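In the two assemblies presented below, chain A is common to both, partnered first by chain B and then by chain C.
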Partner chain A sequence: MSISATPTGANTAVEETRRQTTVPTQRGGRRKPPLSENKKAERRLGWLLCAPAALVMVAVTAYPIIYSVWLSLQRYDLRFPDQREFIGLENYVTVLTNEFWWTAFGVTALITVVTVAVELVLGMGLALIMHRTLVGRGLVRTSALIPYGIVTVVAAFSWRYAWTPGTGYLADLFSDGAPLTERASSLAIIMLAEIWKTTPFMALLLMAGLALVPEDLLKAASTDGATAWQKFTKVMLPVMKPAILVALLFRTLDAFRVFDNIFVLTAGGNETSSVSMLAYNNLIRGLNLGIGSTMSVLIFITVAIIAFVFVKLFGTAAPGSDDGERR
Partner chain B sequence: MADIVLDKVSKSFPDGTVAVQDVDLEIADGEFVILVGPSGCGKSTTLNMIAGLEDITSGELRIAGQRVNDKAPRDRDIAMVFQSYALYPNMTVRENMAFPLRLAKLDKETINAKVDEAAKVLELVPLLDRKPANLSGGQRQRVAMGRAIVRQPKAFLMDEPLSNLDAKLRVQMRTVVSRLQKQLGTTTVYVTHDQTEAMTLGDRVVIMRGGAVQQVGPPQELYDHPRNLFVAGFIGSPSMNFLHAAVQDGSLHTALGEVPLGDRVRRELEAADAPRELILGVRPEHFEDAELVDEDTRRRGLEFEAPVEIVESMGSDKYVYFTVEGERASAAELEELAADAGAGDFAGGGGNLVTRLSAESPVVEGQSRRVWFNLEKIHLFDPTNGRNLTLHEGRAAGALAD
Partner chain C sequence: MAVETTTRAKLRWGLLDVLVIVFAMVPVLWIASLSFKTPATLTDGKFFPREWTLDNYKTIFDTDQFVRALINSIGIALVATLVAVVLGAMAAYAISRLDFPGKGLLVGVSLLIAMFPQVSLVSPLFEIERQLKIFDTWPGLILPYITFALPLAIYTLSAFFKQIPWDLEKAAKMDGATQAQAFRRVIAPLAAPGLFTTAILVFIFCWNDFLFAISLTSTERSRTVPAALSFFTGASQFEDPTGAICAAAVVITVPIILFVLFFQRRIVSGLTSGAVKG
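== the complex of A and B ==
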């Protein structure tokens, strides 16, 4: 993104065409030149330096993942340990044909889409405010980040009390029933709690992206005749795109694993369970390691697919590159 | 196309700093005006105010006779070129150049025609489908220029557009800018800190210091008739030599000898509040090897002898550095200039004198040499306020004028 002076000299049109014909462009032949000894040594050193961290990662993530995949292929219920048996993909068939799973999946998808979308809009607004504030910048940023600093469970409890008829001020203010006992209003409150809590995080990530937009670019757009909105959509957003995608990726993955707010607010009642909630209920409460693990693996796969889609998007959308190659 | 008038334009920031103070400037239609000065002199702020990127604190700015103080940049119909080029990284060269036209809601065919035409002028045709990241510095610079010219705006504003280029390319692009401006005849305001660029490019040069205009005029006039010490020291490379001079009995005591004074300067110095100490300014090219000066010319100047420290042969002539004794000239302006040149904390060779002698001069490093300098071309400055005392009705006349 940085626009640096490359002292290669101004090429006239003639020189330019000559250069193009002699040197195969990146777009044409994508052959990489063989690595020099120096480069190879550098690469080896890179791997060596990564190795300790990579080993720790394998120990704490790869093992549990493999273990839960192994569990998901077995009939394994701690209440009937004698019936433990390898059953292949039968657990997956059970889960994927189960109506509870799909309800929970739908709830999770709804929460994910709605919260991430609202957070993106609100977070962008908040980021712009924090970025542009001149007076009391520290105060504005600190107060905006407070919700994110509160432990989720604590925040969730305060939401629960606020919506409890009789004791809560919100319940008295906005409804005459008990909103946490009905499905639609419960979901709305869960999403509200999620949005309230994680918008600051989104704003923080987006603010980092805003800092990437050079001041000169906005000035140039102003003199080129852009309105404030056009500057935002045509100049800022494209430059910020990688930061926005990172923020969306982080938040989507997070939102899809939503658990604590639901656990505290409804405990999954009235069909408000998320997939994580369902997996927890089967695995920890129901002691059904086989089915619970199957659900965990399915969540893992879904999250991996989301991540894959996002990363693929990055690859094709990095600004300032013609064919999306990393520089 | 339009004229631009700055009428007592000032800019002060909320914290109280005054960036630009009462700038009066009339830029004629089609004129090429350079704002030049050391960093922090307010030249970029002035340009930004013309562009509408900074608010004007007081005063009036008129473009084509119309007050534009409160107009947004997009309503001023000006185009700006930035030092960083400010190309949109997500757009190709073609899209970058078409951007202002697209915002102006022109139809596709017109846009394409205009972009193609500008690309042809700037030899950008083979690059139209590339992204800025895949261009060299010089190419990006041309795209930035292209984006400015496609619109045929009322004026071009350029903020150090060549400063990010390497030296050779800068010289080349200088001629491109110059030719383009003449071809299009568009009013141009160009900001630079490089006095060479200022001298070579503009119809008129505005020298700024500390937010105030020091002098406005064609480059040669600023060079020959600097109004004050700052202008004299800023314009010219190598810069003017400044020496301490004491007024005594109608003549001047300097390290280069006794300088006689003409009637006019003497009268000036007879005033009650006239300074007793002056600063003598001599440009390097007004020295010559005494051997190479004929009798007639010799009478118009003064000779002195000094040890040669360094000889730099440029081929066409020689830069010879002499060591001269005596007090260093000191004034706030000179310190500022030294600081801007990056030599604020570096006293260098004390009373060194830079001279430009003929290539035929047989000077040798380490030996003494007799040197002549032209008294008609010297300047005398009042160190307290920097005023050029040799200036009469805007013309510098040297020390001997009657």
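== the complex of A and C ==
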């Protein structure tokens, strides 16, 4: 992933067409001003077209995150605005020595690891079904899109009522009733709800990778007597590797943000809060902007670390790292 | 024998299909079923209603709370979608076709935003929006929605734009059209399906949001349905809101189901970026 601007190489295609039309001219050559004008116009148009999107994105994320760092260095509780003062890293010490934070961090990590792992397996299965099924392909794809499209809160309510004793069709599965009042079963249900909702998205990303697997290669493998499993591991997986990594990255970072399902299913009760849930509670319910912002910054740093590790794994396969080459 | 194996294979795939469909549909059918149950049978634990009623729907459409939230949801999602797709299309065109310094930076920034933990923005936006007096207003939600929809729009649209036969653009330019004219007259019509698909994806994203909706609103003025659902109390304070919540949930699920039914192919191609080969 190239964050710095590297116009050379990034636009091989465009560069090439230009070279064809401007063979005699050197870069910025003065002998043929019309072409240089053209290039200038192209640059100007490029900037002009990107400026609004770039401005909005930077204004709504970069500035607030910096502001958030500033807020995190202050004692700032909206219930006691008079006590607002600069306290350096004290909030960070408070949060990082707080057991609620680490419990929430553990819960978030657990949910992230388990759901992404299960989704990878289920998503691969679903992708294979959607890609290769002989019957009802449209129907399968349509129904798989429903969990993806449905409002998370709606799905969460459906799961909540399903497990509510007396009301729900699933509540009797546990003999002692009320599974949403126990920590372990609550976490299991939260993960189930997450997996149901996002497996189709994972499957769609993986399907994009499946589409890249050349049919000839599979046929050749069959002719050579490869079993289905061998075809999967030796032919499909290597070709799909970039797609798998992209899917894993997006889902991991998305899973780490888990909030909606927890809010509706348990409201963070019985130590089922995620870090997002905890930050929200400190901020909107507790009105403690200092502590809330500190958590925000810590979550941001964690996500940045996860992203960095993945990008290291990606190498050049990072999405959008090189846009000109794949024409 | 060949016929027999294909029949058997079809049967096997058919079974798998059914499994997927059941997996996907059960939670949706369940909440729909709850929304049609009468208060007396609501807690019978049966999957399908024994007595059907439309009262829950009447209740929610009689309350300002829900109707107002529905209007907010539709309005905010539509405005955010429109702006995000227009800005995204401009940027995606530049990224896929033009050469200018800073392009890599823009792609990098949008990738970062796609992975951004939204909760990190809740506290500063809460404070900034209060100072700017846009807290609890439509623009207060539209702005973050546009921001987080833009990476999605830029990526999907760049993928679509790359599959457009660009020789046509060259031909138009040879005929004397400027870069801007080539965009408007030749490329925009070809890009329309991609724009439409992107609009659906962005709309679903905005329609879905919950975190910003509960953090950056405080009254019915701008609260969207997902946020309103979590504050639902039914017609009177003492009534069990389950039926009403389910009915409201079904109402906001209907547009999603319609999108998925009519535009399955487009949505799949948009998400897998494997759109129609040009």
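Just so it is clear, the second predicted complex is superposed on the first by the 256 of 327 C-alpha atoms of A that agree within 3 Å, B and C clash if a C-alpha of one lies under 4 Å from a C-alpha of the other, contacts with A are read in each partner's own complex, and residues count from 1 in each chain.
In this text, contacts are C-beta pairs under 8 Å (C-beta built on N, C-alpha and C of every residue); 3 or more make two chains touch, one makes a residue touch a chain.
All figures in this text were calculated on a predicted structure; none of them were measured in a lab.
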Now for A:262: first (chain B), second (chain C), both, or neither, which partner does it touch?
neither
Is A:104 contacted by the first partner chain B, the second partner chain C, both or neither?
neither
Using the superposition on chain A described above, determine whether A:180 touches chain B (first), chain C (second), both, or neither.
neither
Quick one: name whichever of chain B and chain C touches more residues of chain A.
C
Check whether A:297 is in contact with chain B, with chain C, with both or with neither, and answer first, second, both or neither.
second
From the superposed pair, tell me which chain A residues show up as contacts to chain B and also as contacts to chain C.
1, 3-7, 10-11, 17, 319-321, 327
Which stretch or stretches of chain B touch chain A in the complex?
48, 51-53, 72-74, 76, 78-80, 82-91, 99-100, 103-104, 123, 125-127, 130-134, 136-142, 147, 151, 157, 164-166, 168-169, 172-173
Can you name the residues of chain A that touch chain B in the complex?
1, 3-13, 16-17, 20, 214, 216-217, 219-227, 230, 234-235, 238-239, 241, 319-322, 327
Going by the contact rule at the top, pick out the chain A residues touching chain C in the complex.
1-7, 10-11, 14-15, 17-18, 39, 41-43, 45-47, 49-50, 52-54, 56-58, 60-61, 63-65, 67-68, 71, 126, 129-130, 132-136, 138-155, 157-159, 161-162, 166-169, 171-172, 196, 200-201, 204-205, 207-208, 211, 249-250, 253, 256-257, 259-260, 263-264, 275-276, 279-280, 283-284, 289, 292-293, 296-297, 299-300, 302-303, 307, 318-321, 323, 326-327
Which residues, counting only chain C, touch chain A once they are in their complex?
6, 9-10, 13-14, 16-17, 20-21, 23-25, 27-28, 30-31, 34, 42-43, 45-47, 87-88, 90-91, 93-128, 143-144, 146-147, 150-151, 154-155, 158, 162, 170, 179-180, 204, 207-208, 210-211, 214-215, 225-226, 229-230, 242, 245-246, 249, 252-253, 256-257, 259-261, 264-265, 267-268, 271-274
